[in-house]
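What follows is a pair of complexes built around chain A, which joins chain B in one and chain C in the other.
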Partner chain A sequence: MLDWLAQLGRHGLGFFERLGRGHLLLLALLRGLPGLLLRPRLVVQQIYAIGVLSLLIIVVSGTFVGMVLGLQLYNTLVDFGAEASLGPVVALTLVRELGPVVTALLFAGRAGSALTAEIGLMKATEQLSGMEMMAVDPVKRVLAPRFLGGIIAMPLLAAIFSLVGVYGGYFVGVGLLGVDEGSYWSQMQSMVDFDDDVMNGVIKSLVFGVVVTWIAVFEGNDAVPTSEGVSRATTRTVVHSSLAVLGLDFVLTALMFGVD
Partner chain B sequence: MQTRILEIWVGVFVAAGLAALFMLAMQVSNLTVVGDDRGYTIKARFENISGLKVRSPVTVAGVRVGRVTAIDFDTQTFQAVVSMRIGAGYDQLPVDTSASVLTSGLVGEKYVGLEPGGDMDVLKDGGEIKLTQSTLVLEQMIGKFLFNKAESGKE
Partner chain C sequence: MAEDLNSPLVEIRGLRFARGKRVIFDGVDLDIRRGKITAIMGPSGTGKTTLLKLIGGQLRPSAGSVTVDGLNVHTLRHGALYELRKRMGMLFQSGALLTDLNVYENVAFPLREHTDLPESMLRDLVLMKLEAVGLRGARGLMANELSGGMARRVALARAIALDPMMIMYDEPFTGQDPISMGVLVKLIRSLNDALGLTSVIVSHDVQETAAISDYIYLLSDGRVVAHGSPEELNRSSSDWAQQFMQGLPDGPVPFHYRAAPYADDLMTGREGRV
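Moving on to the complex of A and B:
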């Protein structure tokens, strides 16, 4: 009984300790951002690793998500004779929700796990402590460029995802199922608002980008420096950032599109 | 050489992302139609606007010229006061323009249709449209139709 209580306390303390360390790291990362202006090449390398290499999965899944949306919504809307509204429904679904959320989930799986594994391995092979020995701050040199790279890459990836998805829905709806091309685009343009829909989607994806890269960088930096510890940290990155994205998405949606 | 290719790829990626955002603005949303900062606001009073919402389109001859910015209720006359922001390019609307609440299609969205009159004076910022026609309420229409049927059946 006493053992059990002690373990509970240890877990609780461990949780708060990690929570505190995570936020202290966030502060350190933010402090490291201005220094990156002097070394933009570091950030460019990270945008390549995080953003460019994620392009393929984003474009392919965006196309298929858009095509499935077109097919499913067409079958529902045609019962009401409202298949002309396919355009706005596909576009709003993608721009407001699926674009930012699915991109963030893929981003966590594709880029977040890679970040954690890379940083965790750097720690396990004592490259990070080596840097500290040479008076190079690993937060500024290693973690901050990855953090900024993720924040820049995520909204761009989400915008590409949404656009590709709209064209996927267009391909299925207009190309295969015979929805009128004019009503697909014109209804979409009259229903989708730039400030309220597109910009809110961009804000969402920016927030998700910050959260996912933050979690990935923190888990890598906080990993137990063994091969098992790195693999656990990688798993935790994917699980925690997916949960954070889905939970935050509800909060953000409620704030943005909730009660008028 | 390796870094150069990498930098080119990053440039392509950022350009593609920004282009996607631009396309979302132009092709998917209605950013091109009305710049909200320019233009002028006019008002119209309706007996019934059921279904009209803020941001609903305002059209002349089917062309979108602006949008509804506010819907208020006049407690004195029990009428709905609809404020509309009209694009700056459409400042030639005569003062005897009439406004009606219309539906696009049978179950489509509601919008305000403006019908220009023949007056030489044009509507200014803050002007009010005097001639208005309320939305057609389906239940009332069916009620009238049934009533007429019953009347004609008597004869």
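Moving on to the complex of A and C:
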């Protein structure tokens, strides 16, 4: 029993210690951001590695999610004779919810895990130590550009996801099920509000981008420098950032659209 | 504080350091003289690499001080520590090359980070350093296409790229064939003399190291067990020095990591424990 309590205490302490280290790293990352203004190339490289290389999975998933939405929502709406509203319903679902959330989950799996593994391996092979001894701060040179790259890439990917999804819904709704093309687009235009819907979606995806990339960079930097340590850190990145995204999504949704 | 030229470049006083419960250093005093080659030797696992990391400010001692060129490494602020590190080169035991860059870019890396040299001058510098380690022809290879010995030579070229005042070599000779070993030994000596560097060599190759070093420290079990010039150590009556310099298996330096008596260990194995 006492053993069990001690164990619990150790886990608790370990958790708060990591939380503290995570926040210290966040501060250091933020302090590293201004220096990147002088070296935009470092960030562009990361946007490419993180963002452009995630494009394929985002586009494919977006298309299918949009198509499924078109099909499912059509079947519900048609019962009420409201299939003309398919456009705005698909668009709102994507822009407010599925775009940011599904993109963030895919982003955690595709880019977050890669970031953690890359940084963890650099640590395990002493590349980060080596940089320190060359008087190059790895936080500024390696971690901060990746952090910023992720933060920039994520909202763009979410926007692309939503855009492709809207076309996926269009393909199924208008192309296959015969919804009127004019109403699909025009109702969407009149019912989707820029500030309330689009901007809130952008804010969500930005927040998810910060959180997922922060977790990925932290886990890599904090990994035990062995192959097993890196593999555990990679798993933790995917699990923790997915949970964080889903939890934060509820909080943000409640703040934006909820209780009023 | 301007340092006069006769004071040691690195002064270590009363250094204590522990990893968990295991005490690695227990009161080490050590001086590294300017312009000289100082060798640090000792059995595997005594903490030679750890000592270099303490000097470089990557690890923190639990007591004692490390002073480099008059600056206490462990009380420096972040910026000042990085300024100091620009003047220290370190050759890692593993090489620690950046795997996403090729040989040329690896050597160019510190120059690109710390200077604004025009590309043509940078190229000349990089090729000069690579020529010195005999790998000018390998400049297009990626880090993972090098053998262990080649990687360490590239790392050496990188460590001297910024013309530091001091270089710490962690096992520079491991994995070198007799020819490149000979070249490296000469290179280290000539870098030291021509550029007025201060060098610290950690190595197990007693003969080669003794041949070029001016002063030797023998570490064992967390303490300095003997020190002196190579001749002094060779003549020394200290068991430590004799055992290490001659490479004798028996003597005060244990070959084994600290453990329970062998027979006891074998007996407990019967009960199915590790």
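Everything below uses one rule, namely that the second predicted complex is superposed on the first by the 259 of 260 C-alpha atoms of A that agree within 3 Å, B and C clash if a C-alpha of one lies under 4 Å from a C-alpha of the other, contacts with A are read in each partner's own complex, and residues count from 1 in each chain.
Please note the rule applied: a residue touches a chain if its C-beta (ideal position, glycine included) is under 8 Å from a C-beta of that chain, and two chains touch if they have at least 3 such contacts.
No experiment lies behind these values; they were computed from the predicted model shown.
**Student:** Which holds for A:L115: it touches chain B only (first), chain C only (second), both, or neither?
**Tutor:** neither
**Student:** After the superposition on A, what does A:L73 contact: first (chain B), second (chain C), both or neither?
**Tutor:** It touches nothing on chain B or chain C.
**Student:** Have a look at where A:L148 lands relative to chain B and chain C in the superposition and call it first, second, both or neither.
**Tutor:** It touches nothing on chain B or chain C.
**Student:** When the two structures are overlaid on chain A, which partner does A:V136 contact: first (chain B), second (chain C), both, or neither?
**Tutor:** In the superposition, A:V136 touches chain C alone.
**Student:** Check the residue A:A233 against both partner chains and state whether it touches chain B (first), chain C (second), both, or neither.
**Tutor:** It touches nothing on chain B or chain C.
**Student:** With both complexes superposed on chain A, which partner does A:T125 reach: first (chain B), second (chain C), both or neither?
**Tutor:** In the superposition, A:T125 touches chain C alone.
**Student:** Per the overlay, which chain contacts more chain A residues, chain B or chain C?
**Tutor:** B
**Student:** Indicate the residue numbers of chain A shared between its chain B interface and its chain C interface, in ascending order.
**Tutor:** none
**Student:** Please output the residues of chain C touching chain A within their complex, sorted ascending.
**Tutor:** Answer in residue numbers: 53, 56, 58, 78, 82-83, 85-86, 88-90, 92, 94, 96-99, 109-110, 113-114, 155, 158, 162.
**Student:** Help me check something: in the complex, which residues belonging to chain A touch chain B?
**Tutor:** Residue positions touching the partner: 41, 44-45, 47-48, 51-52, 55, 80-82, 84, 91, 95, 152-153, 155-157, 159-160, 162-164, 166, 185, 188-194, 196-198, 202.
**Student:** Give every residue of chain B touching chain A within the complex, in rising order.
**Tutor:** That would be residues 3, 6-7, 9-10, 12-14, 16-18, 20-21, 23-25, 27-31, 33, 55, 57, 64, 105, 107, 109 of chain B.
**Student:** In the complex formed with chain C, which residues of chain A make contact?
**Tutor:** 122, 125-127, 129-137, 141
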